[in-house]
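See the structures that follow.
Common to both upcoming complexes is chain A, partnered first by chain B, then by chain C.
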Partner chain A sequence: MTKRNLIQIIICFLLLVLSAGCWDQVNIEENGFVIGTAVDLSNNDSDGNINISLTNQIVSPDELGTPTNEGSENPPFINLTTTGDSIFEINRKMLKEISRVPFYGHSRLVIVSEKLAHNPELFASMLDVFIRDQEMRRGIKIIIAEGEAKNILDIDPKPEKLPVMHIDMITDNSYKSIEIIEPVTLGRLHDYLLHKNSYVLPKISINNDGIDYSGAAVFDGTNDKMVGTLNGLETKGMNLIKGDTKEGMIKFKVNNHIMAFDLERAKKRIDIKVEDPKNMEIFITIKAEGKLAEMYGSKTLSNPSYIKEMEDKISKKIEQLADLTIDKAQKELKLDILDIDKTLKEKHYGTWRKIHKDWENKKNYFSNSRIHVSADVKVREVGSTDRVKEKEHE
Partner chain B sequence: MSRRRMKTQRRKRKTNNPEENFSKILHKDLEKNIINLKNMLDEPNDLVIRKFMVGGTDYKCAIAYIDGLVNEDLVYNNIMKNVQLFANQKQLPNVKTELFDVIYKRIISTVDMDIGYNFDDLSLALLSGDTIFYLDGIEQVLITDTKQWEARGIEEPISETLIRGPRDGFVENIQTNLVHLRRHIRDPNLRLKKHYIGRRSKKTLVVAYIDGVINPKIVKEINRRLKSIDMDDAPESGYIEQWIEDSFLSPFPQCLNTERPDKVSASLMDGKLAIFLDGTPFVLIFPATLASGLQSPEDYYERWAVGTLLRGLRYLAAFISIFFPALYVALVSYHPGMIPPKLAFSIAATREGVPFPPFLEALLMVITMELLREAGARLPTTIGQTIGIVGGLVIGESAVQAGIVSPIMVIVIALNAIASFSIPTYTLSISFRILLFGFLFAAAAFGLFGIILSYIMVNIHIVNLKSVGIPYSTPFSPTFLKDWNDLILRSPIPTLSKRPQYLETEDDESGDLKGEKQ
Partner chain C sequence: MKRFDYADEFISEREIMIAVPSIVIGVGALSFPKSLASMTIAADGWLPILVGGVIAVLITWCIAKMSASFPNQSFLTYASRIVTKPLALVLTFIFSILSLQIAIYQMRQIADISKQYIFDQTPVEVIALVFLLVVIYAVAGSRVGLFRLNALFLPIILFILLLLIVFSLNKFEKEHLFPIFETSFMEYVKGMDSVISSYTGFGILWFYIVLVKQPKKAPKSAAIGMCVPVILYILIFIVCIGVFGNEVTRNLIFPTVELAKNAEIPGEFFERFDSVFFTIWIMAIFNTATLALDVSVFALTSIFKKTPKHKILFILSPIVYIVAMFPENFLEVSTYGTYIGYTVFLYSIFVVILLYTVGKLRGVRFSD
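Entry: the complex of A and B
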């Protein structure tokens, strides 16, 4: 190879680098970081088409400030709302309205309004772009909003700076409370959408001085449509049965004294009698352990029979909560939000194969089954003291 | 006429030229010899020629030496005094050849003495500090070793300071350096093979190794390469290194250089080879591997947990010094999604208003850093510190204030510089700096993809590179698992009883954990 040839080849390679390189370079400060998205159903459907309105919360880093340099007075985010009939189209429309290219790599939340979620099929189709787009992460959390979703992006986020971060951190606290369900990520939701089973998503609403993150929205797996909600208590019962929550508080009464039991561990066991599929008997046993967190009254706790009494009361309370939820699931929703069919599939595969198509709909074997809940609670510790005060003797 | 023929003719003419002034053979006549010597050196003013009579006789004799290269006390006491005075008391033979023999064997009393037969022997000896003794009527001369000159004392090596370890370093005098080595290794198998390097300067070069430990193939190959050296002079061992290294296109140094006798002796014990060159304190160690460039003698002097930690730290430093700015540029300009959200926002906030794209910003800062480093190295230490303050504080701080660079970039570059300083082998740390630029360009053009591509390219190069036949990437690849106990992990000293396997030493055991020997 002559020197001339070599130089020509090197120049070719350089041209390759210089012409092909840098083609998708976007400097970090030129990105509009979309941190959360709210999707609403827009009202103006003049052509009969369904219009979606998308609100992106875009961070403006300059206002956010750095640890040493406090940001300015202005809110460190911009909520940009655009309407259209496809999410992708809306994204492209947004380019006309903001100087920074929306970048979804740091997106944390998608908040979907109840109204949209009630619309059959629309919910799943709307989520398609979020699952399909490579920029989107599978860790994005999906939350259902009561009322307008975009209003939630406008809340006062103190002590955080961004409303989305505020909500995101609240959802992460779910492990401490039994009234909240674990956040559902886009990846998990993708799994839900691909199957026909019903599922629940966390719910959020605005109350007078902030947000209220509690309860759950129940979705029918066959058409991915929201069919109902669970309130805090019902969510509690569902969590206890599903065994999802590790920690949580259960309030109960002994001798008219309010006590608080701090649940630390809960194990469930589901046994199903499948002899007669039309009239199945399901036994759910919940084994819970925890400690006494708070007590009113001053009876000594060193008495084992008193502890036993408390344990019985807690068991009763748990059974009560569970029954409440089961009632709602069987009678009102007619959906197996308790994932009992999972156990059925694991333990009685033959039966499950025969009936799983009619488990939640048509013949609805789930609703026709009889579910018995029994709880077994152990109070492991009573805290660092027996009594705090000694006045009344019971 | 072909070009090559012309070249050889020109060379012939050149080499013939000086011979017209003096003859290469020694004459019987003393005066003729002296005139010949003066002609050869063109009568320099530091050439001392002293003519006198052998005591009690009429035989003329002379001594010649270069002023400043010899110990004059030695010349006076052992040569002149003996020949002039002692000879008086002895029965001297009348025949000149016998007299020469008597002077050689009985009268002159320097320790090292030789007979010179021609002008080549004589000139080399004279110019390296020996004294020449002529006797009129004899076609031979006596060459007596009287070398001594002013030299720098032994100091702590500046380029490789340790907290714990010997404080002595090599000096410019090869004899002193070899004494150092002898004092470290009292093995009778220590071999010191002499070569003369340089067409004109004839520098002494010594190849040191331990026979019976080193793989003989390495010695053979090094000697072959040393013999191929053909240049006028070798002012520093770097000339030797660059002449005999395996690949001069590689950015990596294929041998280590050190000023530390302890490092040299430890390397010889491992089965490596050292090359000493007269006139420089830097000794070359062959063969070298990439891993050996990240080791410091101190790893062995401190306890093993400390040694291991330091090694791990150095591998981290190597990674940072090659990749860090490139990774920053790639992440910031191509993959903002890979930075944790809060950090991404804060980087975006600090970059707000910076006029340059991250690549230019990084290039600017890296070049500034190199300038500072170079300026600091060239200046005397006292001013060097000022450079540090001016560069680090003034330029760094005000560049950020002026909005030319973002503060995070300053952190990245500073961390990168610190990491590159903490690599114990200076030559290796420079080659990492060269790679840094390559990676920076790759990152600017193709992001992480480019970094990975260039990383693969560098890896291909490293696994192909060899140092005197030893693969540069060993013991990682080719893998010698047994050598891994002294790689990133530095296992306790008693367990290091085997010499490195990759060197294929003749004696593979350097000790025994059980302590059964002796």
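Entry: the complex of A and C
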């Protein structure tokens, strides 16, 4: 072997040793997979600084078991709480308390307590790290909790194994009900925060036998502070106007008989008369169609005029619900939670540019506008039977 | 060690068609929606991309046409005939420097992005060095081999981009695209500004057309090749706006990377699309960096005829590495990128006009 060959071989081996490998390797067992986070406002310390307490739900895979081998009795997760005044600092503090490095790549939820959300600016500042950090994904959902947020991570998750998964799946079912708003992801919230418009986030609370995911928290866009809430009915009205929800139930009455209409498709159309910005007229048309899901009483449905009567009643009900929400938005909140601003921007950009700063604030063009709602409902089907019981004696 | 030799050191016009998008699609595609969105309203930015793209395609065609009218003559040879030898030498040298800077910028940028998104602990210096070593290895080999490599990588890159667009569609909201055409003229011009620097790289044609067997067909292929990034950029931009909205897009540092992070593959089996996207994208950057470095070496070998290619490459490599490490933060890197993009774009236009007018004035015969 010549000297040259020898040198070549040595170089090859050196390269093999020096250039192969991974600087950043983390063994998968050493990762603490954070699947959900709860953020609370903890008591202010003596200096008057605001302290945040962060609770991470970390999966412990050993307890989770495999499909064939049930896990042990212990809960398959660890809830770890730490306090501090910067989220990043808290995360670093957590390293001292848990053997596995928290990894947020698979996180699904961030639950923020109402108390923190009421604090102007703090809400947005707290979310900064969630949007900025490259490990976080923009698909993480944000939920506002009534009371302590960390308590929600302790609920009994049956039939799921992890509380976060339980909540996550409930939020995914939102399309079935118009009393809940669609989940809001970090990406969308980033959009909300960058705009000055008001917005709504879903709300969650604990009741006796589990969690209650309904209603919405209203945020003022100028300082990103939570200013109010919407109950189930008001959320329903808002969803109907925004046309966000695809399915939902509307209860109405015909001749004092309770009936349920299963909404399958709703379309909205917004027309705005912008000639006089101080006195805008807004026309909202809601076109809904669906089927009759439940009927009390025993009138036959094969009568077209009866169907017509029902359709009128449902339209009335929808208009009522919408008016209720509009009333709340215009008079109580004075915030455009109905996204009429968006339509204005899309269709009347010139006017929008002139007035968008005063839309919800100062002159509040939104509250001074007159909003008319009309609904047009079609009952397409009535289910598999005409009536279920014999005609009663009326 | 015997190295594999290709039958000839010629390429076909199809390889030119592949090389053009290969060098143009680089790190620019990851960040251009940000600067463009901040200049325009809603999705109006597609217009500057299109107009800028048409200009770029035209220039590409002109360059290819001019080089092709001197078949089998290198840039230095025919430029010398038109504008005298000393000036031709200067032009070639500037080309070499500019190409080198493209390579430098691409390498630095991909090292930074990789560190940010994947290698949290690895120093930028190490990532850049490893990347550079691979690039040097590629450039040190056969030039025609590079084109083969481009042909191998480009379909994969285009495929992953289409996947990215398809998987982003379920989060696409068409409301984000409105209002249409509300951007003022000046804002469009400023938008063009930010697009142009992502279109650079077609200057390679000055040097590579000489390798083409049938140069007559080259201008058309080159122009078609240049259309690929134009269409892709329009698609990426519209999808970015549709998914994020204008306001968010202008606030994201790398909108396209965020798009990949945001993409959802149906079925929940594969949660993180960005990991695949990154792997493939590094191939795209590799294409850009190798071609840029190779052109730089090619230009220098035509000046210093007696120095072997490897020697020039090994002198250039440390320069690439050291200059790449100069910028101190991401702001300086992106300023550097915009500046290079601009210079290369304008310089290419300048050379086309210079050679054409001087050629006409002095009566140099352009074949056909």
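Methods note: the second predicted complex is superposed on the first by the 369 of 394 C-alpha atoms of A that agree within 3 Å, B and C clash if a C-alpha of one lies under 4 Å from a C-alpha of the other, contacts with A are read in each partner's own complex, and residues count from 1 in each chain.
Keep this in mind: contacts are C-beta pairs under 8 Å (C-beta built on N, C-alpha and C of every residue); 3 or more make two chains touch, one makes a residue touch a chain.
This structure is a prediction, so every number in the text was calculated from the model and none was measured.
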Touched partner set for A:28, first chain B, second chain C, both or neither: first
Contacts of A:195 with chain B and chain C, given as first, second, both or neither: second
Which superposed partner A:59 touches (first chain B, second chain C, both, neither): first
Which of chain B and chain C A:276 touches, first, second, both or neither: neither
Comparison of chain B and chain C by chain A residues contacted: B
Partner chain in contact with A:187 - chain B first, chain C second, else both or neither: second
Partner chain(s) touched by A:138 [first = chain B, second = chain C, both, neither]: second
Touched partner set for A:103, first chain B, second chain C, both or neither: first
Which of chain B and chain C A:349 touches, first, second, both or neither: second
Contacts of A:17 with chain B and chain C, given as first, second, both or neither: first
Common ground on chain A, meaning residues reached by chain C in one complex and by chain B in the other: 24, 105-106, 137
Residues of chain B that touch chain A when the two form their complex: 332-334, 336-339, 341, 344-352, 354, 357-358, 444-447, 450
Sites on chain A touched by chain B in the complex: 17-18, 21-22, 24-29, 31, 33, 35, 59, 61-62, 64-67, 103, 105-106, 108, 135, 137
Residues of chain C that touch chain A when the two form their complex: 116-122, 126, 130, 133, 175, 178-179, 182, 243-245, 247-248, 251, 258, 261-262, 264, 271-272
Residue ranges of chain A in contact with chain C within the complex: 19, 23-24, 105-106, 134, 137-139, 187, 190-191, 194-195, 342, 345-347, 349
